[in-house]
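Naming follows writing order (A, B, C, D and E), and every chain is counted from residue 1.
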Amino acid sequence: MVDESKLREKAAEVLAREDVRRLIGWKRGTYGFEAAPCVIKDASEAEALIFDPTCVQNPASFITLEEKKPVPRGQEADTRKIAVMVKGCDSRAIVQQLVEKAYDRDHVIVLGIPCLGVIDRRKAAALFGDVASQVSAKVDAEKVAVDVGGDVKTVDRKDILMDKCLRCRYPNPLVYDELLADEVEKWAGDEFADVGEFEGQSPEEKWAFWEEQFSKCIRCYSCRNVCPMCYCVECVVTKLQPQWTRRATDISENTVYHIQRAWHLAGRCIECMECQRVCPVDIPIMTLNRKLTRDVKEMFEYEPGVDVEAQPLLASYNPQDPEDFIM
Amino acid sequence: MDNLNRRPRIGVYICHCGINIGSVVDVPGLVEYASRLPGVVVAREYTYMCSDPGQNLVKEDIKNEGLNRVIVASCSPRMHEPTFRKTLKEAGLNPYYLEMANIREQCSWVHPDKEQATHKARKLVEAAVVKAMLLEALEEKEVDVIPACLVIGAGIAGIQASLDIADAGFKVYLVEKTPSVGGRMAQLDKTFPTLDCSACILTPKMVDVANHPNIELMSYSQLESIEGYVGNFKATVRKKARFVNFNTCTGCGVCAENCRLAGRIPNEFDENIGMRGAIYLPFPQAVPAKYTIDPERCLQLTKGKCGKEGPACAAACGPGSIDFEQEDELVEIEIGTVIVATGYDVFDCTRKPEYGWEDIDNVMTGLEFERLVSASGPTGGHVILGRDKKGEGGYEPKKVAFIHCVGSRDKSVGNEYCSRVCCMYLAKQAHLVRDKLPDADIAVFYMDVRAFGKGFEEFYDRVRREGVRYIRGNPSEIYRTGEDHTVVIKVEDTLTGTPMEYEADLVVLGVGLEPRRDVREIIDLFKLSQSTDGFFMEAHPKLRPVDTASDGVYLAGCCQGPKDIPDTVAQAKGAASSALILMAYGKVKVEALVSVVSPDECRGCGFCMEVCPFGAIELVDQNRMGNIVQVAQVNEALCKGCGSCAAACLSGAIQPRSFKDEQILPQIAVLGVRI
Amino acid sequence: MMDDTNPYLPYTAKILEAWFETPGDRCIKTFKVSFEDEKVRDTWSHRPGQCAMVGRLGTGESMFCISSSPTEEGYLRFSIMRAGKNTAALHELEAGDTMTVRGPLGNSFPVEEWEGKNIITIGGGIGQAPLRPVINYIRANKDSYGDLTVLYGARTSEDHCFKGEFEEFFSEGTTCHLSVDVEEEKWPHFVGFVPTLLMEVSPSPDNAIAVTCGPPVMINFVVQNLEKLGFAPEQIYTTLEERMKCGIGKCGRCNIGNLYVCKDGPVFSYATLKKIPEAFA
Amino acid sequence: MSAEEFEPNIVAFLCNWCSYAGADLAGTSRTQYLPNVKIIRVMCSGRVNPLFLVNALQQGADGVLISGCHPGDCHYMEGNYYARRRYTLMHKLLEHVGVDPGRVNMSWVSASEGAKFKDVVEDTVTKAKEAGPMEQFRRRRINW
Amino acid sequence: MGDYKFAKTKLAEVIGAMSDYQVVAPVESGEVVRFAVVDDPAKVTLEFSNTNVPPKELMFPETETLFRFRLGGTDLEPEVPDAAARRAVFGIRPCDAMAYTIVEKLYNWDFPDPYFNNRREATTLVGYACAEPCANCFCPSLGGGPGSEKGLDSIAFDLGDTMYLKTLTDKGEELVKALGGVLESAGEAEARAAAKQVEEAEGKIRRSIDTEGIAEHLPELYGHPFWEQFSDRCLSCGICTFLCPTCHCFDIQDESEGLDARRARMWDTCMFSEYSLHASGHNPRPTRKERTCNRVSHKYSFFPTNFDAIACVGCGRCINYCPVNIDLLDILEKSKQADAKEAQDA
């Protein structure tokens, strides 16, 4: 596991650099099982940084989220670099952002953190209830030790870690300028069994499932806003001209919203699971994302967010692409 | 006031097309329906809308009713869209304010049920109306064409195309990578089926090309970059340093004789079976007849030192043409059209190790054999193998085997196609062997013989009658047994079904033609596409075989696919004529239905750029309230309006004019409603 | 005046006349409208500076100030600049068509308080629209006010709103200064930005009220210059603009601090705005 | 509505150069086919934004058809290859959401394949009939 | 008013007996609990601490038709809910009920909003006192509490096997009457047990805020750098506002289907950048900083300035569901330490 003092030292060092504007990492939250992502601008604040299994959020989302505030005439835009700490999964977002030319590689300083998994707040709440104190945790290859206000309990990884971690293919960052700890061994694989299982259902069963799920959606668009890959200047979903989906929340518009969102992430979603994590009404968004991830992998031998040199999936083709459904 | 702010005033014209539409679709009912659609100010019917009176109806209404959108519901737009566009134009309305509803091909001719056909016609008209509301005026532009052509590659294809264009009075820049023009054809000995001497028919053309006042020959040169669009390209050509003063070199060759490395460097032109020095002329008839120093081998250039006394060549050269300080030169040229004629490479036999080409010196490729039998080749045209370095000794083969389809029609090496020339050149070579070694035993192993061309079958027949054995079978392995030159070919005679081992002391592999190994260079420069076989892809396999997706760029010769010399020449002439059409007319129309980017919505991901088959999009800097961001920009002269970019863009920031999302969505709304 | 049972219901109004004031992408079109419902027509009353939500059913509504003065009877005027979805749809309308109007909304210029004072209006571009009712109100009640001075500028002479009306001002003797941003052939008036024009004219702050409206930058500089000329914040009025949907203080978005532009505005005295840091964001 | 009565409504996007021409050929050859399919012309199958399909289904279409040139024959060289990727995937996504796979169809129809166009239409309509009326996320007035 | 009780096992029966009313109660749907019209009383659940989505949607639906019309026509058909219709909401938490008393003020200044008012009028609210507050509840700081009666017509207490129901208004009594005989009357014992439960629950509340002076201080902090500690990590997602029972912003849009059209309003949030974006491209709240500042200031300063009530009931939802741990109480505490002078410098 990463040594937090080393991490802080490194962060302070990076922040002290002239050409660095800010650093995105995590600090202890105010309550509960999730840390707070934080953006720090001064080396003196680096002391607050942490890394442990409560650091669930994907800091790569913030790179593209940063508003480019209008620069008054005569002034220069601040183009200094952004430093960002990333776990394995988070780093894939950076890779994919680079594939999509969201920014230049030298615009970011990536501090990679090999990761053994992060906590799923919903699973944790089922085990520990609602906690108001700040939780910290440690994870090793088998167990997670959760410290709730000094009371340490050890639980099995699968009972508390996020699903994505239990099938993590990339625990070690794929892109970084510096790795803050030794690489960890890959412990899991992903057979997409869940996708297969879902696919086994009839169209009616599938729709019944989604109808219930989609009708809960309040269209807060958090799943979009949190996504590191959702950074269009103006999202088609909320555009007024042309208006693809209406703002009304009903099963028709909600469904279309979800199809659009999933579609726009086809071949781009890097499975950080942030969308599902943030959804306030627990819609299993990953069930859509993972279906596409699996199909893309199987049909086009493509995996987003692993190769900076890759061509975007849907902006490329192979003459041999499958076409069995075409008449 | 600008049309932008004018409310659509739509005229709908329903055509009876004689009885073609009228007998099935309820035209009066349709007119009545159309007249009630929002925005429609007039709706009329007429027997033949495309006739003069029909068109006049439209023109009158444009004038009298102030129409600013016109819908013609008649036949397919593929038929009469241009007609009605013209009508609008003549009436002073922008031609792109036209929308057509195809109620003949899509209704009356295919749906006998009157009611159903009428219902569908209504829907189609309604969809046209909602789209028409959102149509925009588009401008048709023309650009001037620079009357000059760039020809890349000086094989027979490039030579022929250059000569044709130059003869028509236009400037040609002929860029050839190697020191001499001529290409593969110059390497050949005789040519099938007529057995003309290749050099005899080619050399005069090579000389013409060098001397033609309209042709600027740039040998030993390479295209560095090209930008622009049809009619207006700017290219940069790198003229590689020859280290020999081009103007003073007389081509006498004393330098080469004196070169310390003379005869020690394999000559590429001879497929490495002959030798040259570090300063060389690839072959005696080379054009231009100017010597070139090989910078990778020359001692002076690689080590900074050549012998104790300094470079022998320089010392020997009378005019003092040797110049080790020479540098590459970059030349910028402006051209209106481009012909790509970069030819082919032969199959790389190392990819078929079972044939032993790499290890066994008397297994050679067809091209090597061409050099071997060529009078200008290393053996002076004698079929002699195994000579030593000094060119002495060696033996004449007694049993010669030719093997078809090496690297062609072979999925295992990834080439599914037929190379089209191997059957014939092997027949030719078998004939040459028979000619030169009358006693030799000659066997040809083939899958089947494709003698499709003019005079081919006759030639094949003649060769067989000359005592060349044709054995149907595809050898599985070729190996050497003992010390002598005997090579064993393991093969099954598939006609008799008997496995056999044929012993030979010369095996010629009928290697197929492949895309040049450095083909990427050209692909990247021109954004050309490749067909599945890897050769350049033509715009249409049947109807536009010399055009490419990039306007003003044409293909000639084997770079587009394997072919023999007559086909190459024919295609070169085709490419030349295509280029000439543009240059002779002097202007080219630019597509009006191009894509536009809304820079404020673009996120600069470049997806559109990646998919655009015409390389019409680039990312450029844009100032977004003080912040510099990258956004897509469409080069309207390159864009063909296919709209692929729009489907790739997640932000909807790029849209093809007249087929924008906001124009199509209302159509979907009308046609999607189930009733 | 609004439908007292349901403030979301608009009235329909017939367009009597419609014409373009200015050309270009962001052109301005003026509509003269009259309510279809006789009762509404008879009972309607508004004050200078008040606004209304104007719209097309099926597209939506937007807030516009009523650019006719209450003294102009029998119709309402709106001058609308093409900016986005609603305004584009409104621009398609012509005489004889209907649009919807919901109002009057918001506060107004305290014209009664200003009686006896000299009034200076300083407008830029479409910003002249809210000033027009003030000007016409004062022209109609000339006797109750001191001098009226009109300052108005736009990018080019083409971009001036209400072009014809200025001729009237000149002929009736209302002081009127016009400007364009850049040099133009045959332009007899001032060349330069409006704040510069203001300094050039240099009106006296004594017993005066200055009313200004235009793009945010212009307002900023005009206010600064007015202060330089000695105007106290209480003597300066402006109208503000924020995105709005309901127009009746419920949908939320138009607040500046605790003030709602739709309800507490659009007219604000500079004295009020000075207290709210966000007002000049 | 019984299955017999149900006449599905299909929105088709045809590329100008091959499939639209193919449909024209069906017309000129007087090949009779079902009137359920309504055509929207686009320049290239590569133009068809996959969200068009979703929109069509939402508007009430019971099925959609995208048709382009055969691979390798695209007038714009590559458009149909991109389209193929997109729809293969979109088809899967919609299927995952519970949309009957028969509602989303794609075909290659060349300018000379009038008869094939008829078959494609017939197939598309049959499949949509089997799938029944598209109700799942159709916009319905009742929703609001 | 009256005191009643019923055995918890008879919950479905009691709900069933409300057949004169349209009944809305918490039901489970797709793993979350949400208020919905009850079609089957057996589905009603009391196993929730608080619903993710607040029942503000009962008075202010996510999407609400204002009126209908035909495209091209001018006749408007308002769709104002019937104030006389009877609707019973069972199981609403005290904080959520109190929220109505806050937003009500806004819906009735200048122009009364018939949609909200009629819905409110038609509704009888049966509250459900909290025995187990959540980690981030702080209702007592805002004048509410686990047993707060504000805005309710009656309140129910879960006393283990029995449910104790206390009516608070005439409307509440009326509902009990409509129930017929399913309820028994309750006495002192239940009242005492309920009071004890409330007291215990209050004791379990761990978070609080002293609101003194905040309303005056916040406006001085416009532009202050301290906001960035929070706004820099804000996702602009709007969960905090969508889920807030007192947030009331909406958008209005026209929608049509063929020629049928309507004008409708739907929830909106000040955390979205397009919320305040002008057609000209100018945005008075261009970054998350201004938006974060506006959200908090609106709740704790602008609203109280206008209506004399803080627009927050301390339900803790914005804290619970914020995906990046932006904690309202943390902001408020930090705001107290922030110096107004620094805001001017910034």
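Rule of thumb we're sticking to: contacts are C-beta pairs under 8 Å (C-beta built on N, C-alpha and C of every residue); 3 or more make two chains touch, one makes a residue touch a chain.
From a predicted model like this one, the values you see are computed outputs, not experimental measurements.
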Legend entry - Pair exhibiting more inter-chain C-beta contacts, B-D or C-E: B-D
Legend entry - Chain at maximum distance from chain A, centres defined as averaged CA atoms: C
Legend entry - Chain whose average C-alpha position is farthest from chain E's own: B
Legend entry - Inter-chain centre distance, chain A versus chain D - centres from mean C-alpha coordinates, in Å: 35
Inset, instruction - Would you kindly tell me how far, in whole Å, the mean C-alpha position of chain E lies from that of chain B? - result: 68
Inset, instruction - Please report how many Å separate the Cα centroid of chain D from that of chain E, as a whole number. - result: 46
Legend entry - Approximate Å spacing (C-alpha centroids) for the pair chain A, chain E: 30
Legend entry - Multi-partner residues of chain D (at least 2 other chains): 50, 55, 58, 72, 78, 82, 86, 139-140, 144
Inset, instruction - Can you tell me which residues of chain A touch two or more of the remaining chains? - result: 70, 236, 241, 244, 248, 250, 314-315, 319
Inset, instruction - Among the residues of chain C, pick out those that touch two or more other chains and give their numbers. - result: 84
Legend entry - Residue ranges of chain D in contact with chain A within the complex: 50-51, 54-55, 58, 71-72, 78, 81-82, 84-101, 105-108, 119-120, 123-124, 136-140, 143-144
Legend entry - chain E-touching residues of chain A, taken from the complex the two chains share: 22, 29-32, 34-39, 57, 61-62, 65, 67, 69-70, 130-132, 212-213, 215-216, 218-222, 225-226, 238, 246-250, 274, 277-278, 280-283
Legend entry - Touch list for chain A against partner chain D, complex: 198-199, 203-211, 236, 244, 248, 250-253, 255-256, 258-260, 262-263, 266-267, 287-288, 291-292, 295-296, 299-300, 313-315, 317-319, 321-323, 325-327
Legend entry - Interfacial residue positions of chain C with respect to chain B in the complex: 20, 23-25, 27, 29, 82, 91-94
Inset, instruction - Show which residues of chain E lie in contact with chain A when the two form their complex. - result: 29-32, 34, 49, 52-53, 62-63, 134-136, 206-207, 228-229, 232-233, 235-239, 242-243, 251, 253, 255, 264, 266-269, 272-274, 286-288, 319, 321, 323-327, 329-330
